[in-house]
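Reading through the structure tokens given below for one structure.
Each chain carries a letter (A, B, C and D) given by its place in the written order, and its residues are counted from 1.
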């Protein structure tokens, strides 16, 4: 039977991508999509790409009512907005929160990286929704904290090494993002004249995704290691690229490196080991492409994802598919566009 | 029963898009994809986006043999390359030629715009494959000349006025194209340092698509009119945008204009009348978005398409669907990506 | 002796370009640069490119006081902001207004295109600052209305034909602009994710620069003609490109066309007749490149300028040089950057 | 007295930038600019930006003759082309070679990174032309090996730490380049459709600039350290951005870090310490902007330069100015364009 879905905060880019993916999904119906700013307006006034695919209008009504009539609610709100609303529907429907609000298990981490948490007691009720490593927990879960965009790429790139206990010394993650990561609202950093010919680092050594990555890596790696994380703005629209530098204590050849990753990913549909990961190849798709390099003592792992899909809405749909017992790849398995 | 398809010249951008669309089409199998340069190599070495979706290798074998085992052959070769090969398979299978070789009914036009035609006697055997206006002929056809990218946008923008006999005076078509229109081979005009901050006109008053547009418009408009056509290079990858200026003899209000277009397009799945046609909204899709403007005496019609899909491979699949009796929109009806 | 200059509204892109050009000009000193938002901050906090070249801070003080200590004041404010301030300093110093406020001689035109004019009695005191055609008037003027960006390119492209009385029928100007034309404040239309892969028309048949172009062309052309003007957004930062279509009553060969333009521009330093006008060639410069095409009955003139320089601040400096009796090209005559 | 200059290989991007800078330099005359492909053609047919600034044509004549009539010859040829030609003029004129041919002091390094060296005996006669650290040697030199683009940015970012003997452990340099670094000839990697929405790593752990950086850093740092260098392609035209990660044995606060860099750069005109280094701010200029970050144990240094100017032709002119006893900043000291 068709499942009923609501999207809270549907006017942004991740909300738009959720709608696109749900429209192409035969097992679900979008029954509500909310926006305070666009209440009553056609979804397609904001998401012009959906013209002809939906007649829905933006709603703005009590979440408690929506919870009753839905099987699952997506929260696609800016960080710190979900944690005030989630308690209203908690326990009444399934929840997938795309914000950072329930990702950090130590609420002090959250307080430092974002702001004082409003519902810290619920944090432990949320499963970290990285399907490649938490699949079974997600299947049975009612509440999912969907991973951040940088963490998704970084974790898919590094967990195999963590699981092999090979992360030692200082793991450097040099991350680059496209402009859609800044969201739908115009801003200085995503202003075309400032962005289109620029490259810059931002939030150096202080990005809020750092503790999220570290928290998850620490789960798997027994040894001690430190981590350095710097984010950069590039003039592409979609895409995250990360270059991870690992200096293991023992030599690991490129062949051995590839064997390790094959072991973890040979059955993963959305992770591909390639010679050269490229953002333009994975754009508009749910794939994470990884490329692996070693000269023995220095390992370089690169990862490319679409920040709005594998880095947000695509993984969210993957989680929904697991929770609602659809095939995990429903609506997500299609080749990319090139060029 | 699954239909068998071959693609002649599958290593370029339109060849790649054909493969992507055919892979997503449940009624067909790609049995051969040829390339002289990449013979024996994996398709996915060239079209990295298809990784995981095909194990096919590039072939390079006698076309006559392929004709025997296929229901339909796409020719996705550069202009002037198909006309030497088509005679080898003509009458032995269905043909959709994406090049200009069989579009111009007057072979003198072809000779002037391209080069001396090698198989002019076959020209009349090809139906001009613009589904919105030639649907019934295409259904029964064995040989299709697939329209050019600029003509597709220009004709969908102007045929309604032509059918109403409203084209008079000098119809101006100011056309703009993305860089993928220059093809897969690196060239000065599509060299990133030369293109990314540039805008320029090219082949002013001498573009080879001009006679194709005129030939088709003349079919519908009894009156006399002249046409001016100038093409421009923009720094986007995918997309054609045309701005058409028409000065009709009688006044036509914007309302009347919209009524005319509604009449012709209300049942067309891939033509949408919108307030503002935008390339970024139709990129990666088979849609043609039109917007209509009038101050009474001056009509401005804008059209936006993806040059590789609605302007090439998407329309080719639409034609294939008609010829092989699939639903016309099979594999083509999905929303675009935004942003 | 060094002339003293003030810039009212110096935090925007045209204000920044004025400062850059004045810094490189040996005959002037910037004594004040105002901004209400950035009062007291370093100029280089906003215009990071000027780091090392100025220690000035943004001021915000009575304009009357500034008028007393300056030889010339530039107004680089958004449209409709200058007309309330100019009366305070009118007659007390020289004024170059880069906004539209004193360009339209018929204040009804202004009211229709912008908003109700606040100081219409001053309009006639302003000389339209297009140096190539108003040089002598500018030399003696105290008040200059600096031309708009689209008008500058359109007029340099079309006045030669107007002067030859060759504009007849419907002159079509298809205009394209880079994103810096939207100004320094983030906006939807210049949001990188919305702009970088897009092409669209905007304000079709209703752009506020249309009456300005028509007003100036009418000065020179005795005959009757109509004009159609459509503007488009391209994904480049700097640059305006216009394609003008003219259908003269008598045949004009490409040779004759070039002779006409040579006549008007052979002594003009900043107008170059080239085979192919390109935005990337004129970016960051004060040049207007024109290319000329004819098949006898159809004339196509293309023009490329940098919207912030020749389309705004560069022409403003050219006007200043004339008014203050410097060489007209001081600080403006340098080759562009390529690519 | 005006000095006479020749450029060998003047049709590429660095050749074009050399010409632009020399045209704006009052102390020199370009007497010859060579190109085998464009011999006899106007310089401005290739470098359209120079139209109106030079009437020179491309020459192609014996280098020995040119050596006699010039004070200095620039070699702006692709790597491995200069080393066969330089011996013809060595000792007869001053030489600045912009290629890699005389940078690596150990010719084995050259053989491994490029190809077998043809004139290894001359290598030691060339001074490494990094003015900020070799100024006095350059002043008296007759032969200069101009630094590579990545090395220039990397060395200006790291030599202060090397001089303080603070480079320990594994120094990571994550480098990013614009497309003009690929040169003027169209190539797959700089093909606009492949580049404009992409980000990728290339030559991972095997880039030919790695030994050049290491050679120079080793000059200053007594301690032992290793270095990891990965280069990436971004979709901007001009610009190199490097992010360097250093993990010193003792704690260094951000304040201490800034003090170190102030010490080395307070008198350097072309190195600026800024809060956030950005490629768009330094594009078209000779500046290197550095930003400095530390959390005590982790140091992050970012550097932004224009690859064609500070990373090639600008530094070459700086070297020329020193050798010919002009002010070091002649023709190079102007603010950038923003945006």
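As a convention for this text, a contact is a pair of C-beta atoms (placed from the backbone, for glycine too) under 8 Å apart; a residue touches a chain by one contact, two chains touch by 3 or more.
Computed from a predicted model, the values in this text were never measured in an experiment.
Q: What is the chain whose Cα centroid lies farthest from the Cα centroid of subunit D?
A: B
Q: More C-beta pairs touching across which pair, A-C or B-C?
A: Here the pair linked by more C-beta pairs in contact is B-C.
Q: Subunit A to subunit B: how many Å between their CA centres?
A: 37
Q: Whole-Å distance, subunit A centre to subunit C centre, using C-alpha means?
A: It comes to 45 Å between the two C-alpha centres.
Q: Starting from the mean Cα coordinates of subunit B and subunit C, work out the distance between those two points in Å.
A: Each chain's C-alpha centroid was found; their separation is 39 Å.
Q: Find every residue in subunit A that makes contact with two or more other chains and list them.
A: 13, 178, 180, 193, 196-197, 235-238, 278, 339
Q: Touching subunit B in the complex: which residues of subunit C?
A: So the residues of subunit C in touch with subunit B come to 169-170, 172, 174, 176, 178, 193-194, 196-202, 204-205, 226, 228, 230, 232, 234-239, 241, 243, 245, 247, 276-280, 283, 291, 293-295, 297-298, 300, 302, 304, 339.
Q: For a test of understanding, state which residues of subunit B touch subunit D in their complex under the given definition.
A: Its residues touching subunit D are 13, 178-180, 182, 184, 186-188, 190-193, 195-197, 235-237.
Q: Mind listing the subunit D positions that touch subunit C in their complex?
A: Listed in rising order, the residues are 13, 16-17, 20, 23-24, 47-53, 180, 197, 237-238, 269, 272, 274, 278, 281, 284-285, 334-339.
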